[in-house]
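Each remark here refers to the structure printed beneath this line.
When the chains are written out, they are named A, B, C and D in that same order, and each has its own residue count from 1.
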Amino acid sequence: MHTLPVVVINFKAYEQIYGEKGLSIAKYAEKSSLENDISIYVAPPIVDIQQYAKVLSIPVIAQHVDPVEASRNTGFITVEMLKSSNAYGSLLNHSEHPISLHDASISINKLKSMGMKSIVCAPTSEEASALSMLSPDFIAIEPPELIAGNVSVSKAKPELITDTVEKVRKVMPKMPILCGAGIKDGADVKKAVDLETDGILVASGVVMSKDPQKALDELVKAF
Amino acid sequence: MHTLPVVVINFKAYEQIYGEKGLSIAKYAEKSSLENDISIYVAPPIVDIQQYAKVLSIPVIAQHVDPVEASRNTGFITVEMLKSSNAYGSLLNHSEHPISLHDASISINKLKSMGMKSIVCAPTSEEASALSMLSPDFIAIEPPELIAGNVSVSKAKPELITDTVEKVRKVMPKMPILCGAGIKDGADVKKAVDLETDGILVASGVVMSKDPQKALDELVKAF
Amino acid sequence: MHTLPVVVINFKAYEQIYGEKGLSIAKYAEKSSLENDISIYVAPPIVDIQQYAKVLSIPVIAQHVDPVEASRNTGFITVEMLKSSNAYGSLLNHSEHPISLHDASISINKLKSMGMKSIVCAPTSEEASALSMLSPDFIAIEPPELIAGNVSVSKAKPELITDTVEKVRKVMPKMPILCGAGIKDGADVKKAVDLETDGILVASGVVMSKDPQKALDELVKAF
Amino acid sequence: MHTLPVVVINFKAYEQIYGEKGLSIAKYAEKSSLENDISIYVAPPIVDIQQYAKVLSIPVIAQHVDPVEASRNTGFITVEMLKSSNAYGSLLNHSEHPISLHDASISINKLKSMGMKSIVCAPTSEEASALSMLSPDFIAIEPPELIAGNVSVSKAKPELITDTVEKVRKVMPKMPILCGAGIKDGADVKKAVDLETDGILVASGVVMSKDPQKALDELVKAF
């Protein structure tokens, strides 16, 4: 269905990457994806998503989508808006944007019915296994205490990944699992691969890096 | 500060107006604004806001903005994103998207500090007067029971407008007041003008009309 | 751990059962529990919970608890408040009060660590299996469209129960499953038992009945 | 309507005051109220409210109430529940429990229609003046950065009080204004009185004090 491994770059709401600056990082990610034959998805701010999808050949995903109908609902983001913007899917339930299980279920199913992908974040192995029961396309494990920090989940909490992989695979044997929070260098990626995850979810480690291209290169080459 | 009266067109999340279809309505609004020398603002879905702002000379506003910093905050809409998209401002507290008073205060002040406008919706005259104390650029009175209906606020509940105008002007004498919910034809607009409001907030009456151009023409010419 | 089957009576926020009126229904439930040797839990309004727990020997549970610490947090309900009120546990995630998966996880774990029980509601079989991964003490399946209605889940949607039992037991073989929404008479209960659930969650069918004692008798005797 | 000044004691969710411990503080407050001829209201945890109201002659208020009907609505706190518990009213919009302006409006009006009082908190002078337009019975100004701290609003930010009094009284000349956050001793109270407020809202300064009676004495005697 999707070629693994996958590197997902979450641009968050960092002001530094709005518009052209972020787009140039995304273009480099596209180049890197083609050259290294590795899947790279980019998740820009919602205002930039249409522009990204227009110029890039790699998957562009939203950072969040609301569980509402494409009708009234002033100020919300619908799955249909993402579709009309040629987005590939959406992140859901990031620890900075937690949603109810019911809303997660609605959005996962709606994305699926419209041919789009869902990447659902979870802060603990227990919640990761719970969310995997909703059959998203990916589960991303991200302990909030490590997000945007300098210590990676694969080094600081390898048992969290091992535990998540075990719990999720027990109930959903083929669920692709991404590993996030604090991924900084190639050693982090190697560890994540060793622990049998299917890719990484990275944010500040690339987009807030002094040299985003070099930072991405190091991550990609470690696979 | 702004040329009154103002017609604000809220595109909501109606699927029918995503992309080109909505943009053509907005382009007609731009033409109408210039020909009739009347301010028209358009509020497209957030994914389309950048594209609208790129091709239009009339103000493009968001339907909502989150009270969060332009930093981490995955999946949120920041004032800075709107600024970088060349948006003119944002609607806030629409009855389909109610926010806390504190969040309204944060967003109004942040928009102001970045040179952008806020249009704050209220469902009752009491709440309109309360929100006017936060010094937004516009107050829009919209009784939720009339939204998307066939009976207009100016005909069905003229006392609601009279009452709002009185309560708001008592504490904020110069606050521009828009009148929304169910505005359908020129008679509604005339009534709104008679009741001393400074413009209208219209949604389905234009964007879901069989003939949006004709619908807009009728509203604009009634001023 | 708990004697099955279990009948949980949710008093909701119905004004008719505040104070003495509800307590007399609960006292009858206690009598019925002892006479019929069946577990009956009562979930009164939060203001009444202390009084119920003082006079009843059957388990008294809350209808909701907030995932916050017993410290500042003005206006919230803590697990510690329930403990100090001698409550036995709490319902969580009722479809009238949905919570995030993360909050469900926090509350289930906190209740467990303080020796109390959690009964987690789910509106679909998929969400029931997801929530069961958090290891609550009970899962209660309640399709919202049947709540407070006249058609019971066991008659109208038996496949929903069968499906839930199958999905939940596949990943959590020993998880007690309650069946709710529209349970009205003994036939509903028999059906629920036939479908291998471990009890029922009932609200208006008892507490809003013209004759709550008779209504409860019929349900209890059907086990 | 109410005898001013008023001292409101917010017990928050502090575990230390559940049950008898808090009730003994409340009983001392009752004694102090009678001896010093000053209004003292107590706001215990919601589980304790009925017991407090049963044994005390001073007003007992809730810390929060939900804007929902007394019907279905599992796990919510209704105004009717407070009424049936003989509560005198409720705090609303505490900075630890912010609510939408619309919900504030619903709850203020419902409390009023049932003969009960509302005390609405605001973190800034601007929001205080906005909320005063909803005609609650009291406005309480509480800058969140001072809550539970050691520096009082009257000493650290006297201009915040002066500003609030001015803004609120300009639009609502007779609105009683309480001053909260970090009130610790008699000097704080004297300052609050000098600045023309009508009382104080105190929490940790009394209920978490080593000697709550002495702490309350000092506050009360300063009026």
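Simple rule for what comes next: a residue touches a chain if its C-beta (ideal position, glycine included) is under 8 Å from a C-beta of that chain, and two chains touch if they have at least 3 such contacts.
Remember, it's a predicted structure, so these values are computed and weren't measured experimentally.
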Same or different contact residues where chain D meets its copy chain C, judged by the half mark: same
A-C against A-B, pair bridged by the larger set of C-beta contacts: A-B
Separation of mean Cα positions, chain B and chain A [Å, integer]: 34
For chain C, residues that touch 2 or more chains besides their own: none
Every chain pair meeting the contact rule: A-B, A-C, B-D, C-D
In the complex with chain A, residue positions of chain C that touch it: 93, 95, 98-105, 122-124, 126-127, 129-131, 133-135, 167, 170-171
In the complex, chain C residues that touch chain D: 10, 12-15, 18-19, 45-51, 62-64, 68-78, 80-82, 84-85, 91, 94, 96-97, 147-148, 203-204
